[in-house]
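You will see two complexes here that share chain A, one where it goes with chain B and one where it goes with chain C.
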Partner chain A sequence: MGIVVDDLQVAIGSRPILHGVHLEVRDGQRVGLVGPSGSGKSMISRAIMGLLPPTAGCTGSIELNGRQLVGLPDAEMAALRGAAVGMVFQNPGTALNPLLTVGRQIALPLELHYELTADEREGRVRAMMRKVGLPDELYGRRPHELSGGQQQRVGIATALITSPRLIIADEPTTALDSMTQRQIVDLLVSLVDEAGAALLFITHDFSVLARATRYCYVLDAGRIVERGRTEALLEAPHTPQARTLVEAARRLTLHVDGTGAQETETEEGR
Partner chain B sequence: MNRPDRRRVPEAPARIAAEHGPRGRLRRAGVVVASMWAHGAGRFALVTLGLWILVSLVSLFWTPRSLWETNGYAVWAKPSADHWLGTDGVGADVFSWLMAGSRTDLVIVALTVLVALAIGLLLVAAMTSRAAALAHGSVVLIDALISIPTVLIALMLAVPLGASVAVIVLACGFGYGLNLARVARPSAMLAARSMYVESARADGASAMRVFATHIVPNVMPTLVVQCSLSAGTAVLAEAGLTYLGVGVPSGVPSWGHSLSTSVRFINIYPLTVLWPGLLVTVVVVALNLFGDALREAADPLTNPRLRGDDGHRRR
Partner chain C sequence: MIKYLARRCALFALALFVVSVVVFLALRVLPGDLATIMAGLNSPPERVAALRAELGLDRPLAAQYGDWIAGLMRGDFGTTMLTGQPVASVVGARVQITFPLIMLGLLIALALGVPLGCASVMARSARARGLYQAVAIVGGAVPALWAGLVLILLFGRGSGLLPILPASGFPQDGWGDPAQAALALVLPAVTVGVIVGASIMRYTRSALQSVASTGAIEMAMACGMTRRRALTHVGLRLAMPQLVSVVGLTFAEMITGVMVIENLFALPGIGSGLVDDLTHRDLIAVQSELFMLAAFFLVIGLLVDLTHRALDPRLGEDDE
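Up next, the complex of A and B:
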């Protein structure tokens, strides 16, 4: 089981965004989705979550564990969100309600999808916090009292607390510094693998992609232009669009490191 | 690799923010009241409003003189041991009438704020709705309705209802509710379009749920202040509408009633008008200060005592 997206077309008003996208993520797989800004990456994740803007039209097929999601009434879709699919957002600083404590924030999906007593809920939340490496005393803190990495750990804990079978991570590391990026990616990978869930990892950053996924799709201007094993794709991209992305990532790494190394993996060598 | 990016957590002496459940809520409420009490304006507001409630309760059982006791030989009397604030044109005790009037005004204010809050929240829900027609329509509706003066609404309501408390409550509640929604709109829209609402929807939260958990708490600070201003205005409106004859019916004690029965003789017996006027002024000022003090004391951003970290890492 897992998610199979086939011939997905999304248009906002009369402006087409996605032109027949096909991609699949099976249980236990970690799959990347890369593409430049504006290529429609987030639109795919929104289509899967059923969170497209009201003006958007969506055709094609999205099957989650054999169930067709396109055209599903919103109430049924809401029952799946957060329970069957968990989502990790790009900017943890804004994706957390500043008024809610960490404990409350992580408990929200549980409150929505499970009948639990307050004590049971608290127990599960605290256990989840331990799993993602959040110190116990942060339970009653609010987001502004946390570091960026801790905030994203809260985001991951919230997405995973209901043990969903599919996790969509929409640029989960973009707002973080490179040290924290690596920790967060490793954490996400280990938790997803432990749960045997499927991961759709959306990013424009190849160095993170190589760490998080084995297989990936390259999206450009609303079309999948290339697909394949992440390592192979990084070494020898076939299409010009993928080549541009990989080269841009290399140049950036080179520039940041200032060492003149030729590979994107220079960061790994430390 | 999986090292948590743990920051050193300072040992705060009072970790109020961390406590959950009814006990934590009670302690937070205690801290809020104590913080209000610590400032002059807040203390004035608390004392005045406390006295108002106390006097209202006492007036149910006891007033210095019976309301219906009149003395034809002592009309417009000056304050004395018999009549602490003097008497009015029919020789009734002004102090007793003001005491009894305080409970009418208290009920009017409480009901008006409730109605305003209900209408305001309903409109905020409509404005933040994802249905574009509803969201835009409600803004246009509010802008159109807000231009109708409260007094006009009251006069129209008085046609079927006659002079009654309901006229004041409905007219003011309606007008202030529109105001409330208008004032709360920016913060409500900010919350409604935020990433955390998007994230809550991704968790499977319904529109109702998003509104209750994420939007209402974000507009509450604005609403509390606005409600206290509305409460003050409601006291003034009661006086004004009762004077016009569409508010509290004659024979029912209220501050507006005390004012309107004596205001025509202000040039001859100014003291009799002064007392209810002074009372209304003090109460309105107290209500306005109450809102400000409450917002200041209940907001963790402005009150370090509500923060777990004593403000070390304030952003």
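Up next, the complex of A and C:
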């Protein structure tokens, strides 16, 4: 069980974005999807979540736990979203509803999918806030009163509150500074593992991917160009597209411990 | 919030003062002597002099301004030349026509524009989206005069359902017979409503799309809402401040904007009244009327700002 995407084609209007993508995330696996911006990564996550814009056309197959999602009516997709699949967004500062308090935001999937009393809901939300490291007093605050890292913790708590079997994280750390990035990735990984859920981690940054996943796919211009163990790919990328991404990660970030840091120093020394 | 309210009201008073000075000076600094214009260009000099003395135009500007403002404070807006009635009561009678017309028109516009705007964002097929687009463009491009005429021909003359022919127009005794008066407003309000509704539709659409582009709608959907529910529950609520601004501006604009409609349907409202006074060169009345209009615009601006405060928790943290 898990998610199996096969021969996925997505076009916006007459412009094709994805050309027959295949990828799988099995139960309990953490899988990465890496590619440069504009390669179509986000279209894959949106296709899985049923969040493609109305102008998009989508063919192929997306099976979630054996159930075909392509062509499913929005009402049935909505029943899965936030229950069977949770999603963490790239920019929590704008994705979080500015009118909802932290407590009500995290409680939203519970409200939409489960019949709980207000007390039960609040208990679960406060427990989840502790898990993601949000201080209890933030319960009644609104997003604009939080730091970027805290906002993304709210995003993670919202995605995980219903214990979905699959989490899709679409560039969850891109909007954050590098210290916070590392904390958020580690938090996400530990919570996903603790819940025994599967994770599809989407990023353009190989160095973040190395922390989060064991296996990954490389997407370029709407096609999967390479796949394999993340470590192996990092050490010896086969395709030029993957090589470019790996080199960019080595050059630009400090996340790859050891070699990455040295590379950065030599880069600055030039 | 109280600090903000005080500051905003002080700003309102300041703007009102500036407006009064501008309106006052505009009529006196503009080329042409006020008394000569009002008396008529061919009238004898004695008549002009008499009028000048009567209206106090021979006194220093500051004294004239002081008199005018002191009058406004007492609720005395001057008298019209034509009939000698107080400006306040003449304007009051016009407001009784224009205000219900605008309110009814705006209600129709909102009832048409907001659902259509939502629907055009929700539309799935390219054909439906094109259709909504066409409705918005055509509705916005229809000239008020033409739309009004078509409606008159259809319902007034054609079926005779509504007594709107300019000959009957608005009842002479105003709201003496409320049913008759309200009936006279139906067609003009529909004409205004359809045209304004098209622009409300476009504003609703673009406001919703700007909210959607922030990711808040996707987030709500990811939590388990359908697209429709996310748009109507989260999107519309987040677009509310933008819509309130638009409705406020539209409302203010309509006061003079419905002039054509008022003329067409023989409704003696504010817009057509202002034109009447201008053509009769009743400039003292015009001065007070312009001031009242400007004051009304400012009140709407104030209400819009206060509503924004109430709708968006992100505003207002700076003075708490």
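Methods note: the second predicted complex is superposed on the first by the 252 of 270 C-alpha atoms of A that agree within 3 Å, B and C clash if a C-alpha of one lies under 4 Å from a C-alpha of the other, contacts with A are read in each partner's own complex, and residues count from 1 in each chain.
The criterion applied here is as follows: a residue touches a chain if its C-beta (ideal position, glycine included) is under 8 Å from a C-beta of that chain, and two chains touch if they have at least 3 such contacts.
What you see is a predicted model; the values in this text were computed from it and never measured.
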| item | value |
| --- | --- |
| Chain C versus chain B on the shared chain A, clash or fit after superposition | clash |
| First (chain B), second (chain C), both or neither touched by A:A195 | neither |
| Chain B versus chain C as contact partner of A:M1, first or second or both or neither | neither |
| First (chain B), second (chain C), both or neither touched by A:T158 | both |
| Residue contacts with chain A in the superposition, chain B compared against chain C | B |
| Partner chain in contact with A:H113 - chain B first, chain C second, else both or neither | both |
| Partner chain in contact with A:Y139 - chain B first, chain C second, else both or neither | first |
| Chain B versus chain C as contact partner of A:A248, first or second or both or neither | neither |
| Touching partner for A:A11 - first (chain B), second (chain C), both, neither | neither |
| Which of chain B and chain C A:L96 touches, first, second, both or neither | both |
| Stretch of chain B penetrating chain C in the combined three-chain arrangement, among 21-29, 75-83, 93-101 or 129-137 | 129-137 |
| Doubly contacted residues of chain A, that is, touched by chain B and again by chain C | 49, 51, 54, 75, 78-79, 81-83, 86-87, 89, 91, 94-99, 108-109, 112-113, 142, 144-145, 158 |
| Chain A residues within the chain B interface of the complex | 49, 51, 54, 75, 78-83, 85-87, 89, 91, 94-101, 103, 108-109, 112-113, 118, 122, 133-135, 137-142, 144-145, 147, 149-150, 153, 155, 158, 180, 182-183, 186-187, 190 |
| In the complex with chain A, residue positions of chain B that touch it | 1-7, 9, 15, 17-21, 130-132, 194-196, 198-206, 209, 213-214, 217-218, 300, 308-309, 313, 315 |
| Sites on chain C touched by chain A in the complex | 122-124, 126, 129, 214-216, 218-229, 234, 237-238, 312-314, 317 |
| Chain C partner contacts - residues on chain A that touch it in the complex | 46, 49-51, 54-55, 74-75, 77-79, 81-83, 86-87, 89-91, 94-99, 108-109, 112-113, 142, 144-145, 158-159 |
